[in-house]
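One structure is given here, and the rest of the page talks about it.
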Amino acid sequence: MYRRALFVGRFQPFHLGHLAALKWILEREDIVIIGVGSSQFSHDPLNPFTAGERVEMIWRVLMSEGLLNRCVIATIPDTDKKHSLWVSMVLHYAPRFQRVYTNDPLSQLLFKEANIEVSPIPMFKRGEYSATRIRRLIAEGKPWEHLVPREVARFIKEIGGEDRIRRIYRAFGTS
Amino acid sequence: MYRRALFVGRFQPFHLGHLAALKWILEREDIVIIGVGSSQFSHDPLNPFTAGERVEMIWRVLMSEGLLNRCVIATIPDTDKKHSLWVSMVLHYAPRFQRVYTNDPLSQLLFKEANIEVSPIPMFKRGEYSATRIRRLIAEGKPWEHLVPREVARFIKEIGGEDRIRRIYRAFGTS
Amino acid sequence: MYRRALFVGRFQPFHLGHLAALKWILEREDIVIIGVGSSQFSHDPLNPFTAGERVEMIWRVLMSEGLLNRCVIATIPDTDKKHSLWVSMVLHYAPRFQRVYTNDPLSQLLFKEANIEVSPIPMFKRGEYSATRIRRLIAEGKPWEHLVPREVARFIKEIGGEDRIRRIYRAFGTS
Amino acid sequence: MYRRALFVGRFQPFHLGHLAALKWILEREDIVIIGVGSSQFSHDPLNPFTAGERVEMIWRVLMSEGLLNRCVIATIPDTDKKHSLWVSMVLHYAPRFQRVYTNDPLSQLLFKEANIEVSPIPMFKRGEYSATRIRRLIAEGKPWEHLVPREVARFIKEIGGEDRIRRIYRAFGTS
Amino acid sequence: MYRRALFVGRFQPFHLGHLAALKWILEREDIVIIGVGSSQFSHDPLNPFTAGERVEMIWRVLMSEGLLNRCVIATIPDTDKKHSLWVSMVLHYAPRFQRVYTNDPLSQLLFKEANIEVSPIPMFKRGEYSATRIRRLIAEGKPWEHLVPREVARFIKEIGGEDRIRRIYRAFGTS
Amino acid sequence: MYRRALFVGRFQPFHLGHLAALKWILEREDIVIIGVGSSQFSHDPLNPFTAGERVEMIWRVLMSEGLLNRCVIATIPDTDKKHSLWVSMVLHYAPRFQRVYTNDPLSQLLFKEANIEVSPIPMFKRGEYSATRIRRLIAEGKPWEHLVPREVARFIKEIGGEDRIRRIYRAFGTS
C-alpha cells in the first residue's frame, strides 16, 4: 500500500524552500499531492499568478527534477471564509491522501478537527525563501531569480510576470 | 516554440475513446493540457466522480502510457450557466495554450467568440466509447471494464466507484 | 452521555408522517436535531415555504407536543449540487449528533462516505402522508388539513399559504 | 410628483410586443424603468443575448422612438432560485418606482408579498409577438425580422446573433 | 394577537449580557426570535463557533431558563457585503416578527429603510459583557467562565472551544 | 463605423470631475458606455448608493446635459476578487466598445492582458473632485453640493442620502 500525502500551499510563486520541503516529504512518502490553494485568485499582491500559471511552474519543476511520477498537482479553491467547508473542498479537489504536511496553523486546526493527521515541515532558510519576500523583491526591481528553481524564473519572465507584479503592487498601493 | 493545446472534457470516467483522442492530439501538438471540466460537481448521475478522483485516474493513465512529460492536468469549474464567463475561467485554471480540441458545440461557440482557435476531434468508436454508456453499464451491473484503460478500471474498483454509481442512479431515479 | 441524532428533511410542509417518524426516533434517541434542508429556497413548487416559516411550523408542533426540550431545529442550506460539500454544511449548521435518520438515498450515500452512521425510518402511511401530495391537494383546492398537525394547518392558513401554493403552481405550470 | 413604474422582462430579444406594451405603460406613467431580468445569463436557448447586448438593443429602440428621456434601463440578475431575495435584488438594481407592470405570475406573487403594487399588461398579438417563437424562427432560418423593431433586427445581424442562436440550439439539442 | 420581535446578534459566544437583554425584551414581547447572524462563518477570530454550536449553546440556556416556549432560534447568513439584500435574508430565515431589537447601527439603518420598526437595547455592564472581550480572555488563558451562562461555559469546554480559540488567534496573528 | 468607448467607475456619487471626464471622452468618441462598477454593493462607506440610485443620478445628469443619445449606462458587478474574470464580466454587462478610459491601475492591467486598448483620463481638479472627499464632507455635515452636478445634489437629498451616509460612517466607525 502506498503512503500518500498532501502538501498544501499557495505557491505564489513556487520557490526553492517549497522544493526543499517537497523533497523532504518525498523521503517519507511514496506519492505527494501538491495542493495549490486559493486557486480562484490572481492579480492581487498576495496572489499575482493564476491557477494555471502556478500549475505550469510546478509542472516544469517536477519534470526537470524527474518527479512527475511521484507528484500530482491539484488546484483547490478557497471557501470565502466559510472555513468549516474547507477540508471537504480539499477532499473533493485532491486525489486521496492519508496525511497532510503544512505549517499553516488554520489548516492544521481544520484538518485536526476532521481527524486527518497533520505534520509540520522543517523550514528551509525561512528568512530567504519566502514567497512574500520574493514578490516584494520583484516589485522593487531587485534580484530574486536565485530564490526560485531555474524553471520558475524562466517561466515568470516568459509570461511577463515581473511587470505584472509591479503593476499590481502599484494598483494596490503596496509598492 | 512549443505547440500547446487544450483538450477539454468532463472525463466521467476517462475512457479508451478519450485516450485515443489524446494520442491523436499528441501527434499534432507538443504539449496537451487536459482540462477536467465541471470540476466542482460529483455524486450525481452525470458526474459521479470528484475532481480529485478524475485527476488521479488520468494521472495513472498518463504514467502508464509514459505521457506525464507531455500532458498537464487542470481542473476547471463551471460558471453556473453564466456562459460568458466560461472562457475566462478556462484561461485562469489552465496553463497557456494556442488552440482547443473539443467536439462540444457550446465550447466551440464560446472559444470562437473569444477568438481562440478550435478544432474537432475524430470520434473513436463513438457508439462504444461513451462515458454516458459506461456509467449506465456500471449502474446496471454489466461489464464495462473493457471500455476504459486498465488503470481506470482498477482505480474505480479501489474507491468503490461501482457501488457509488449504483446508489447515485437509485437516488436520482435514473436506474 | 446523551444519544443524539439528526432527522433531516425539507418539511414542505411538516406533516403527520414527519411527526410519527420524529416520535419513533425519540424512542431510540435522547435528543433529536431536526435539520430543515434546502433552507435557502422558497416560492417554488417543491419548496413553497421559507426557512423561517418551516422553523415556525415545527416549533409550534414541538411546543404543542411538549417536545421542545428534546428537539433542536437547525436550518441547512443546499450546496448548489456540489454534493461533496453537503455533509460539511450539515455539520456546520447542526448541533453535534452521532447518527442520522433519513430515507433519502443520496443523503445516505454522502453520510456513509463520511463515516457517519445512517438509519432508515419506517414509513408511516407513505401513500397518504407525503409532502408532494399535500402540496398538490392544496394547489387543487382539495382537503389537506387532516394530513398535517393541527398547528401546521392553522399556521399555513394564517400566512395565506394556500393562496401562495396555488399561485406558485400556476406560475410554474404545474397545476 | 412623477409617476414611475417598472416594466420587467428578459427581452431575449426585445420585440414589437414589448414595444407596444412599453408605449401602453407610458400612457399611464411618467417614467418607466425597463428592468432587464436574468441579466447574468447568455448563450443558452432561453437567453441567447448578453446583458450588454440587450441593453444596447433597447437603447437603440428608445433613441429611435424618442423615448430616452422617459425610460431608464436597468439590468437585474436572478437570485439562483432564492426567490425570497428577488424583490430586494430588483430594488437594488432599479431606480425607485411605485408600481410594477408584469404578466409573470411568480413576479406578481413576489411583489404582492412585498406590498408593491402590480398591474398586468394587455397582450399585443401574443401568438405572434413572442420571444420564444422569435428565437425558434431564427434557429430554423425562417423570417423573423418583421416581429422586432427595425433597430433590433439590424443589431442582431450586426453581432452575428442569428448564427449564435443556431449554434446554441444545436449545442443544447433544442433545434 | 401575539407581539413578536427579533433579537439579532452573532452570539460568539452567547453571554450574560445577551441573556439580560433577552429577558428585558421578553418583558415587552410575547415571542422572541433569536436571530443568529453571520451564520455561515466559523473558525476565525470574530466567529470561532459554527452555526450549530451557537444554536446549541443558546438552546441549552433557554432550556435551563424555562424559555423554550417563548423563544425560537433562527440562523441567518450574511450577504457578502451586499447589504441591500440583508433584510430579505432575515425575513426568509426568521419566523415573522413585528419589530427588531438591535444596537448595531447598520442593521438599524437597513431595517429602517425597509420600514421595519427598530428599538435599541439597554446595555448590561457593557464593559464586562462583551463577546470580543470574552474571546480574548479565552485566547489569553484568563478566567472567562463567569461572563457567560453556566450552560455556555460547560458547552464550550465540552467541544474543546478554548483550545480552538487559542489556535485561531495564533493562526490569524491576533493573540 | 462609430467609435465606442467604455468609461468605468464606481460613481459613489457621480461628481463634476466625472462629468468633465465624460465630456472630454465625448470629444474623442461617438458613443460612451458609462460602466457603473461594483454594482452589487451599497450601504458601506466606499459604496453608499445602490446600483439603481447611481443609474438614476447619472441618467438625470445625461438628460439635463442633452447626452442621453450618446451615452449608455451599464451596471457591472465585481467578481469577488477573482480578478481574472473581471474583463469577461465587463464584456457581458456592457454594450460593445473598442477602448476603455480609466485611471485605475488594476483595470488598466486587466484590460491590457486581454488585449483591449486602455487610455488614461486627464484629472479635473483631482484634489477637489474626489468621491472619497465628497462622502466624507457629507458624513461631516460640511458643504458638498458644489462638487456634484445640480441633479445629483437634488437626487441625493430626495432619497435622504446625507442621512444614510452619516449612519453608514457611524456604523463602520469611519466618521
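Per-chain numbering from 1; labels A, B, C, D, E and F assigned in written order.
Operating definition for what follows: a residue touches a chain if its C-beta (ideal position, glycine included) is under 8 Å from a C-beta of that chain, and two chains touch if they have at least 3 such contacts.
Computed from a predicted structure; not experimentally measured.
K.L.:
Using direct touches as single steps, what is the fewest number of steps from chain A over to chain D?
P.N.:
2
K.L.:
State the chain with the largest centre-to-centre distance from chain F, centres being mean CA positions.
P.N.:
Result for max centroid distance from chain F is chain C.
K.L.:
Find the pair in A-E, B-D or D-E that has over half of its contact pairs, by residue number, in common with A-C.
P.N.:
More than half of its contact pairs match A-C, so it is D-E.
K.L.:
How would you label the chain A and chain E contact, same or different, if same means the shared numbers make up over half of all numbers there?
P.N.:
Different, since most residue numbers here occur in only one copy.
K.L.:
Go ahead and note the Å separation of the Cα centroids belonging to chain C and chain E.
P.N.:
Here chain C and chain E have centroids separated by 25 Å.
K.L.:
Could you please state the distance in Å, as a whole number, between where the Cα atoms of chain A are centred and where those of chain F are centred?
P.N.:
Here chain A and chain F have centroids separated by 37 Å.
K.L.:
Would you please write down the residue numbers of chain E that are in contact with two or more other chains?
P.N.:
40, 42, 50, 80, 82, 84, 91-92 - these are the residues of chain E that touch more than one other chain.
K.L.:
Report the complete set of touching chain pairs.
P.N.:
A-B, A-C, A-E, A-F, B-C, B-D, B-F, C-D, C-E, D-E, D-F, E-F
K.L.:
Can you name the residues of chain B that touch chain A in the complex?
P.N.:
Those residues of chain B that touch chain A are 39-40, 42, 50-53, 55-56, 59, 63, 68-69, 72-75, 77, 91-96, 159.
K.L.:
Under the touch definition given earlier, write down the residues of chain C that touch chain A in their complex.
P.N.:
82, 84-85, 87-89, 91-92
K.L.:
Which chain E residues qualify as touching chain F in the complex?
P.N.:
The touching residues are 80-84, 104-106, 108-110, 113.
K.L.:
Can you name the residues of chain C that touch chain D in the complex?
P.N.:
40-44, 50, 80, 164, 167-168, 170-172
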